[in-house]
Amino acid sequence: MTLLTTSKEPLRGIVPPMITPLHADGSLDSASVEKLIEHLIAGGVHGIFILGTTGEFSGLSYQTRRDLITQTCSQVGDRVPVLVGVTDVSIEESIALAEFSANAGAYAVVVAPPFYNNIDQKELTHFYLQLADAISLPMFLYNMPSHTKLVIEVDTVIELSAHERIIGLKDSSAHAVYFQSLCHAFRNQPNFVLMVGPEEMMAETVLMGGFGGVCGGANLFPELYVALYVAAENKDFETMKVCQGAVMEISRNIYQVGQYKSSYMKGLKTSMSFLGLCEAQFASPLYPFSDSEVEELRSRFEVIAADLTQLSL
Amino acid sequence: MTLLTTSKEPLRGIVPPMITPLHADGSLDSASVEKLIEHLIAGGVHGIFILGTTGEFSGLSYQTRRDLITQTCSQVGDRVPVLVGVTDVSIEESIALAEFSANAGAYAVVVAPPFYNNIDQKELTHFYLQLADAISLPMFLYNMPSHTKLVIEVDTVIELSAHERIIGLKDSSAHAVYFQSLCHAFRNQPNFVLMVGPEEMMAETVLMGGFGGVCGGANLFPELYVALYVAAENKDFETMKVCQGAVMEISRNIYQVGQYKSSYMKGLKTSMSFLGLCEAQFASPLYPFSDSEVEELRSRFEVIAADLTQLSL
Amino acid sequence: MTLLTTSKEPLRGIVPPMITPLHADGSLDSASVEKLIEHLIAGGVHGIFILGTTGEFSGLSYQTRRDLITQTCSQVGDRVPVLVGVTDVSIEESIALAEFSANAGAYAVVVAPPFYNNIDQKELTHFYLQLADAISLPMFLYNMPSHTKLVIEVDTVIELSAHERIIGLKDSSAHAVYFQSLCHAFRNQPNFVLMVGPEEMMAETVLMGGFGGVCGGANLFPELYVALYVAAENKDFETMKVCQGAVMEISRNIYQVGQYKSSYMKGLKTSMSFLGLCEAQFASPLYPFSDSEVEELRSRFEVIAADLTQLSL
Amino acid sequence: MTLLTTSKEPLRGIVPPMITPLHADGSLDSASVEKLIEHLIAGGVHGIFILGTTGEFSGLSYQTRRDLITQTCSQVGDRVPVLVGVTDVSIEESIALAEFSANAGAYAVVVAPPFYNNIDQKELTHFYLQLADAISLPMFLYNMPSHTKLVIEVDTVIELSAHERIIGLKDSSAHAVYFQSLCHAFRNQPNFVLMVGPEEMMAETVLMGGFGGVCGGANLFPELYVALYVAAENKDFETMKVCQGAVMEISRNIYQVGQYKSSYMKGLKTSMSFLGLCEAQFASPLYPFSDSEVEELRSRFEVIAADLTQLSL
């Protein structure tokens, strides 16, 4: 990984927030991890991000997290960069996971703000700098206000970007003004990586100067999201329109079964089980769909899968 | 206006949410209204929206609102469509203003959800349908969750769009996933107008199929926003980049003096006073900047105005 | 009313936020207004508050508001103080309603913060002082963050209380720390009236030094709330327990039919229709319960009404 | 501890959420832990709750948490019940800490909802039942919406209370209607313990049937909070008023230095350092007050400490 981490080339493209395959008893499904990684790399992704929100990091034991880090880094090797979410409420546990990731060969860590206490921007800055000083890998900030209750404000990002190990930010706020404000603030620092989480807005941010997307749906159909990213990079509006339409169909149909706050997570992972990529098992407090919900999802999924076949990406 | 309202051509482009020029005593500054309208039309705007949030509708008496409607419709004539905000907590007052607007010659009304009580989507739908049935002008929905405490959900918009008088939506949520979801939902109804409020995201939404923007900064520099819109329409990324940079400079400098929740409103209107377009007077509860804030704003403004001159839009 | 308004005795007790009886077409049901006022006064209430949130002020036209003010003040006469909600987003309309209320013989006005724009405490202070300067009646502040999106902070209340016409505050936040903080801040200003909205917490605040409650349920069963207030004043824990139990049964059963954000309003007004006190008609955007919801409510109501008869208040 | 856990007598009184004494390097300050425990027991507290929000649980490593559990249970012995916060986002880590606590001799565990993902009541119920099934100690629910983003709704509490190991709830919402609704719902289950967090509302809830308070200020002045609790239990309004006044002075002066979201935590722990009970050191992301803030706090603290001496509790 030495070449990657010392490279001047910033990360760009599709970096799926990999779901964590689990058995019904909550233990790691290593066989599915292996299958899923090959599925993603075969799909052309530009990196793999484990232990993010979509990876259900918060519901996993530390042992499971370490097992996943080890397996992923080992299996991926030098093929694409591996990013590891080490978000935690305890800075000591974050540091420990970050150093474990460094030893495993990860490319970088990704860190959302500490998410229990309500804190101010100054405290947040203090936290991130203390963490960056204590670890050896590059770090991405992770803006996720719906989960952490605070925004990493633009001025805070600017201040933090002066730290040599803070190399980018993933924004999952879906707030277009915030993201454009970051793009503008960093217009003269072209190596500071700015990616978005929500796949529905990935293409437009790439058109406006963004670096790509951490798209959950790329777990399912990596080629589609890679094709959308490439089309946006190339300003190929014809292809973009087709791919964006498919992405929106997934968003509307796969992520909205039931009226759960977790419909996205349940719809995504259950659809992946239809492809044999994992079991439809979740870390607590999530639990599987009911049978009728599974059937509703399956019929929606089949329409989308058939349509995607037509696209011949 | 008959031609306009029966036209099949949906509204597109830059429709500034016109600020309301006021005297220090709170009364309408009609001379400035006249000057401002000519400034906007000379700047190439595609419509004028009065009595929106930027127009401080909520702080104005009903008499002032009616005076502004009459003057604006009369002065604008057939040159561009006039949209009138008739948002109110009382449906009867909304209807009365809408009919007054119709008689004055307005093109359409714009209505945010009733914003005092906390209500459900079904109640919201009931409200909008009752209102649409009672008025004679076309209506735009106005999604403004930061002010009204609720989102007009995508399914609600779909249901409401079946009403012949509900012809579009202005989204000021800045939520890119929401807006893309609307664009996708209406991909086969190309006459349903989808515009965004926040100017920072206008260009990207036009690239993705949006109809334009209700951009506050167009009160100040209409040519800039029109140029940005046209560049986005034409996929002229070179020009877009330059204009977007200028728009972001305005966003970062003009709208962020002081730590007020109202910094946008105060920065915009006070900057307009520098151009002689209005006085820096506000409807209560807003009040003018302090002298030092005005000077801080002025020095920022002068840099931006000088830069814009270079652009020769 | 001269005696009342110049009296040194602060308001104490139960001041129901009177519902506004309406016909199906939205017009004022004056016959029910008359009946309801007599019902309340016969029930022993210590004041009547019209045009509050429970009075659906925001959904009424200005003409309806003025009609209600006139009728209520005239019919109540000197029997109890009449408080009038003149909350509005436009200070000019608030002032106009306040002066209309003064002429009609009201005791005081009640004003929640302007509720459309997001504002700061300094702007809020500016608004309240400007309003207090412009009117002739005493004024109660009205803390209602769920509807207005901001809290009138304790320091703001302290600052505002220096104005001679600002004589108290009604707190509908249900936030016990906030209310105790106010009680402590005003421990040496025993004439500054501090009342709570939520009836479920009225008794405990009276035990701790509060002045009483603006209890919605007192529209239905005024004697119950008066008895609870008197028991709390007298530290009669035996009676308090019985009455508090009844109040909580109302809260749990009458206010929670359906899963509406408006279940309180619909349950209260519909129950009042069972007593013949009004029709179950609402200002838009609310609309009546379905038939099955009415029957569900009716069966709950009958249990409660029967239990209350047993209490022989 | 066998007697305690099998006892039918529910917990009542003052159970301080013990702060966690730390050294500047973040390690546990065991000498201060010892001193603090004796300070609390000498002050008459009815239990000790470690690793709550005030105990900065979220900022501590698991090793530090285990060290604190071991030391506290061992030192306290049978003198008062020890409650241990085992809130976590991972159910496996919660279970591990709960079993560790059981082995150390704790009385019960306290668990707030998993606080990263946004979840529904059904998922929350699923989580709590799964946890309760997996552990051997009794469990208190911990309602803390400002930190966990969701309320444990009354109906959820009722459903969960059917589990034999779920024996009570600590409510830190400060929402008086919520707490009264719980008191009413459990009026016929007198062993289900209902306590509040915010000390400003403790007395009134005890008057209304609550079981006591988990009061942060009792770290500093345990006698004061015990005296207030006893006075409320005895309906001794004279003493209650004096003690409540002192508690409110602490709330207003000690917890509100600076404009930090963490002013409570910083003010409390720094004041404790004035008494020699711990160092003014915090778990990241919190950091110490500046010198001038310390001096501001010290002058406020000295007034309060002097006043308390007068009370001779």
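For reference, chains read A, B, C and D in written order, and residue numbers begin at 1 within each chain.
Note that in this section a contact is a pair of C-beta atoms (placed from the backbone, for glycine too) under 8 Å apart; a residue touches a chain by one contact, two chains touch by 3 or more.
This one's a predicted model, so the numbers in the text were calculated from it and none came from an experiment.
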Numbering shared by both copies at the subunit B-subunit A contact, with half separating same from different: same
Intercentroid distance (Cα basis), subunit B paired with subunit A, Å: 35
Cα-centroid distance, subunit A relative to subunit C, in whole angstrom: 49
Touching two or more other chains - residues of subunit A: none
Category of the chain touch graph - line, ring, star, complete, other: ring
Chain pairs in mutual contact under the definition given at the outset: A-B, A-D, B-C, C-D
In the complex, subunit B residues that touch subunit C: 26, 53, 58-62, 64, 89-93, 96, 114-120, 123-124, 126-127, 130, 146-147, 149, 260-262, 265, 283-287
Touch list for subunit C against partner subunit D, complex: 174-181, 183-185, 187, 198, 200-201, 203-205, 207-208, 235, 237, 244-245, 248-249, 251-252
